[in-house]
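Each structure below appears as structure tokens.
Paired with chain B in one complex and with chain C in the other, chain A is shared by the two complexes that follow.
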Partner chain A sequence: MTAQLESPAAPTTGEPERIRAAHPILSLLLNRAGWGVFSVLVVSVIVYASTLVLPGDAAQAILGQQATPERLEVLREQLGLDQSAWAGFVHWFTGIFRGDFGTSLSTRQPVTELLGPKLLNSAALVLVAAVVSTALGVALGALTASRRDGVLDHVLGIVALVASAMPEYIVGVFVVLFLAVDLHAFPAISVLAPGQHIWDEPSKMVLPVLTLTIVVVPYILRMCRGSVIEALDSDYAEVARLKGVGGRRLLYRHALPNALAPTVQVIGLSLIYLAGGIVLVETVFQFPGLGLALVDAITARDVPVIQALVLLLSTCYVVLNILADVAVLLVTPRRRLPR
Partner chain B sequence: MKIAPPNPLNMAGAVDLNRRKFLQITSLGLAVVTTGGLLTACGSDGSSSSPSSGGASGAPKKGGTLRVGSTGGGTTDTLDPQAWATLPDQLRVQQLYDPLVWMAADGTPTMVLAKEITPNADGTEWTITIQSGVTTHNGKPFTAEDVLFSFQRILDNKYPGAFLLGPIDMKASKAVDDTTAKVVFSKPFGILMNNLSFPYFYMVPRGFDPAKPDGTGPFKFKSFTAGEESTFVRNENYWQSGLPYLDEIVIQNITDESSQLSAFQSGQVDIVNALSAGSVAALKSGGYNVKINESGNWVPFTMNCQAEPFSDVRVRQAFRLIPNRQQMLDQVFGGYGKVGNDVFSPYDAGFPSDLPQREQDLDQAKSLLKAAGYSDLSIKLTTAPAAAGEVNMAQVFATAAKGAGINVQVDEHDVGTFYSNYYLKVPFGTDYGTNQSFLANASQLMIGDNSFYNANHFDDPEYTQLYDQAVTSVDDTERNRIIGEMAHIDYERGGYIVPVFSPTIEAYTPKVGGISDYITGVSPNNADFKNMWLAS
Partner chain C sequence: MTTEAVDAGRRGNRRERGAIRRALRGALRSWRGRIGLVMALAVLALAFLGPLVAPHAATDFVALPSSPRGPGYPLGSDGLGQDVLSRVLLGGRKLLLLAVLSTGLALVLGTLIGVTAAYRRGWAETALMRGVDVLLAFPQLVFVLLVVSVLGTPTWLLVLTVAIAQAPQIARVVHAGAQDICERDFVQAVALWGVPPRQVIARHVLPSLSTPLAVEAGLRLGFSIVIISGLNFLGFGVQPGTPSWGVMINENRLGMASNPWGVVAPALVLAILAIGTNLFTDAFARAAFGEDRADDTVIGSGMGATP
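And now, the complex of A and B:
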């Protein structure tokens, strides 16, 4: 439905204009992708530089209490920590083009092998949390908007405010206290046996997903409620009402579709938040995903793993941003018109 | 002191530190909430029986899976029994491998794989006889050759045990037969048996590869992911007949204490270890078995004897009079553990019983400082949360020091920064150590530049001379007498302030049996899982 949308108002003055007018999404994609690649590279360099500033190194982290000068020296040599920072970066950077992300300094496993299963676990977590929160947020937003100033609206408004004010690890702790410690309903931590994936033990996903959902839903709910209310107050809704359209039909057919654009943007932002929010939530639940791996890698000064994770997470961030913009274009036909 | 096996909250467990810092508020919140509300509610609905510390009683039962939620560790976890670094590492390697000698629950070196360890008259040649008929998990016979291989592996890699093998001469050492090894030393060496109880002398077979762990221990390797979880299964052919009782042991890394407690209270694990005193009340009111042991673990303040102002012995003596020891124990460790007397290794057989307990005496401290010309002393105390209570102790000390007119500023750093920038370098700092034999500690902490972890920069000719005598003596009585003298010297002019020995605190579900008292500080239960069992 997107590409052929030919607006009668579109000026047809010249070829370039026509092309741009015909492919607003494509040009946006190309533009954003270019900047995205650039940003990811810049982030990599910055993060690599910051790992150099961290006190101590992987050898010291591995030996810990046992770090005698002799053993440190031997281990540093084994781990290749004796090469210069610049050489290390060039080695890493050229490696990624061959699909080689290096070897973890602490586990001595290839980084891809180490992070593969964790990536899948985190992806499952974010995906489920995103689907649940979006459905819940939009539904509750539309519901509260249609019953504006009712009891439900007020109660949910306050609950959402409180929930959005709480950091995710506090939410996590409360969720654990009620559902795991008190009711024994779900596991309190999500540690998996070696070789298992999180979907092999879905019960271990419940509390992390719930925590992320509690954190994200308020934003979607409030944005959706606001936009729907705005739409319901608009002239076209008034006209529809005067024509006898009412209740559900007005809400679903007229108001909601127009309220989607800002909501989609917030959903996009929430997803982006989720990609970072997993760090805290995974830590609380010891969830074997990328977030926990990042915390572990930083503590272990495991630079190849930190670099791979940052590359992965920042790429995620960029891609989600682009997707959110595209989605907004898709739900807002008028923005696809040339201005 | 760093060479001592790590304390639960140690530094390679720096892995736990970020997370720990991260979640300090969380655990605080948890403690408050659990104490205040939910747990009390829990306790009142049935299981409010008064908590005992003994666990399940009756005859041991065979079978079952024991699930342990251990603090510490991270992606650096290893199953190499001679180069491990964190508490979960220690719990794991103790199951897969056997040592020749083990530091038993009461702190005495006790034979395990070794049947007999005897020196010749001057301590230059030791005969080690091992149990016969021992096989590894892969079915290979374990022989005296493997003992020598294990020593060689430690020496070649400069593993922590290397230093404690003293003047060993591997070329001259040999296996006499399958169960007898002759170990030769280039100089008299009297403390081999003692040093072999240091927890890095686990025995491995020739050709050992830590990636495919093969040992003679009570449990066999099944799976392991560093920083996450390991599963070990019963060694049906274990040489100690009847042991172990359990079919399987699952050890999970749960780095944060609040997560440990939630996992425990929600029934995901049977044991959580190395807890803080703040968790005791909540757990007891929840009807769980909480086991609290005194230990030889210590968190000293380190005064650099070579640097101002501590190069003056009167300043060191004054500082040792500052802490109110019982109060520090109450405030930092909930009153558990025991008061210290500035000398390490209180459970060593040679530790003297005639050292008067040092008490707080601020007036005496003031006059000593005045005599030394430091009436208005202002000094920085550099610390890091490397061990439980470390930073809190520094704060309590600073408060007490005001009473003696000393301005102590607590200078706290994260663990990584502390160890790379300040440890061993500052005039006044903190450190920690686990329970070790007196001479093992002295060798690493007190002998001038020969000690890697001499944070108090102690270099006392008389002490060193006594140390050399003690190390060469093969006569236990004589050696213990010398240790007593060394302890007296340390008590008079040493550079460590040891106000308290910290407790170990762990919690068990009621079905766990085989729990005993121990002072070694290796939480839980001195890692002695082969003697533990589960009631049905």
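And now, the complex of A and C:
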């Protein structure tokens, strides 16, 4: 009902231009996806080129001075250094589509096999954190908006501002300090036995999820509060109020649905943020995911793993960005119309 | 007529300069801004005056490893028996200098890219802004880590990398703002007079962007601090033994049960710095843009938004 009031009635008859551009979502999606693929391609070139930039002989630089000639030869072949730069790139890049990212230099495992379980752990972490923060952020945002300038609103406003400014790893350290060292409530470190997944030991997920939630909720809260307030101040909310609709019904049926678009956008942004934010948080908790794997691989100069991880995280980033755009369009009927 | 347009532009510039001063005054009048400024300045003073008053050298052995506080070492000792207080006092200067340098460089790079793209239009605009998009496809920290993993961490490279990681967001903001201004009459008029593009941009386009740029500078400074200290926390960019807040937080976690101050002190200082910078920027943005747009700006860039 409110949606009808919001969207301008589109007279489709007699306006051929509007009909021709009838699928703005589709064209936007194709456009964004096209540029997304382009970005990922360029990223993969940069990632591959970074091995060639290694000063001197890349294989020597990675393995160090003590490496035997045989091992150097094997590594050169593996990195595609025995071929021209272009052929090497093509070899590496087409390998990805066969699910072959090469072999880890430090563990001698295929990279795919090494990262598979870590990808699942990270995905579980991000997903749980996103669900918890979304629920909490939207609930608190709607609550503070409906009691604007109340005590709770002011207190939460300050808490949110402080929490959103804190670097995520410092939040993590404080969380460990209070809940693991002082209270012994949860394990401070999320190390798993080999073969285990993080969901086998949910208690080890509590603190990392809590940390990510503390970092993300303030943004969702602020955005949701702002857009609910805007909706509550609008004309249609005034009409509803004059009709005698009040309190909860006004909030849930009228204001919240219209406040959805900016909120969905910020939820998308949070997911995107989490794709990069897991690096520090996973390191704090030694959480067996992609972020920690990246830090470990860099410390060990494990180039195939670094390449795979950077490409993987960047691809997630690009895909999530596109999905966020689409989600915003889906909850904003108005914007679906051609401009 | 053209002279009128140009005069209007000049008046606009003057108004814009007044706008920054007004926003600063507005920020200082709000509690948010005052508290933020005091917090940031306190940490600044600690980092730069600290080395003058530190009771011990960074690597002096003062007590048994991870001892709780005692006489001569009020914050206890770290895992190597070094004085936590002295290391906190000594461990911030480099971080702050690097953060300011890389933010400055990022502002210059981002502004150049954004304003050139908006002014030149055509293929130059497409190429520049697509380049920006590609850089935005990397999560910032992942990009910095990739460079660090390949080229190591000499100081100049660290500054450059963090600047390159931050520049795309600034370029986006500047581009969006400049697009509009470059089409205004006064800019077009000046360009038609034959004033060289560099001068048009410097005298007539950039002044109108100074307020959003100032907000962006504050936000980016906050992120530079987070990225560099986070990098240190991960163990990159610092020589072993050198005191640094980020490294201390990581190293001293092992002794956290016996001397929590080894972690709490540097973490608190970093938190106060980050919160202070953020509060002040927030207050400034509110005074400059009004509450709603300030919220959008701060939230958007906080999440690494690609607007």
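Keep this in mind: the second predicted complex is superposed on the first by the 274 of 339 C-alpha atoms of A that agree within 3 Å, B and C clash if a C-alpha of one lies under 4 Å from a C-alpha of the other, contacts with A are read in each partner's own complex, and residues count from 1 in each chain.
Please note the rule applied: a residue touches a chain if its C-beta (ideal position, glycine included) is under 8 Å from a C-beta of that chain, and two chains touch if they have at least 3 such contacts.
Owing to the predicted nature of the structure, the values given are computational and were not obtained by experimental measurement.
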Can A:T107 be said to touch chain B (first), chain C (second), both, or neither?
-> first
Classify the contacts of A:V162 with the two partner chains as first (chain B alone), second (chain C alone), both, or neither.
-> second
Touching A:L63, do we find chain B (first), chain C (second), both, or neither?
-> first
Thinking of the overlay built on chain A, is A:V74 touched by chain B (first), by chain C (second), by both, or by neither?
-> first
Of the partners chain B and chain C, which touch A:V43 in the superposed model: first, second, both, neither?
-> second
With the two complexes superposed on chain A, say which partner A:L177 touches: chain B (first), chain C (second), both, or neither.
-> both
Please indicate which partner A:A85 is in contact with in the superposed arrangement: first for chain B, second for chain C, both, or neither.
-> neither
Does chain B (first) or chain C (second) touch A:D296, or do both, or does neither?
-> first
A:T283 contacts which: chain B (first), chain C (second), both, neither?
-> both
Take the contacts of chain A with chain B and those with chain C, and give the residues found in both.
-> 54, 169-170, 173, 176-177, 181, 280, 283, 295, 297-299, 301
Could you please specify the touching residues of chain A with respect to chain C in the complex?
-> 35-36, 38-40, 42-43, 46-47, 50-51, 53-54, 161-162, 164-167, 169-170, 173-174, 176-177, 181, 219, 222-223, 226, 230, 266, 269-270, 272-273, 275-277, 279-280, 283, 294-295, 297-299, 301, 306, 310, 313-314, 317-318, 321
So in the complex, which bits of chain B are touching chain A?
-> 2-7, 10-19, 22-23, 25-26, 29-30, 33-34, 38-39, 41-42, 69, 74-76, 83, 85-86, 157-160, 163, 223-231, 250, 252-256, 258-259, 261-263, 265-268, 414, 416-417, 419-421, 452
So, in the complex, the side of chain C touching chain A is made of residues 32, 130, 133-134, 137-142, 145-151, 222, 225-226, 229-230, 233-236, 249, 253, 256-257, 260, 263-264, 267, 270-271, 274-275, 277-279, 282, 292, 295-296, 299-300, 302-306
Would you tell me which residues of chain A are touching chain B in their complex?
-> 54-56, 60-71, 74, 104, 106-107, 169-170, 172-173, 176-178, 180-182, 184, 186-189, 191-195, 280, 283-286, 288, 293, 295-302, 305
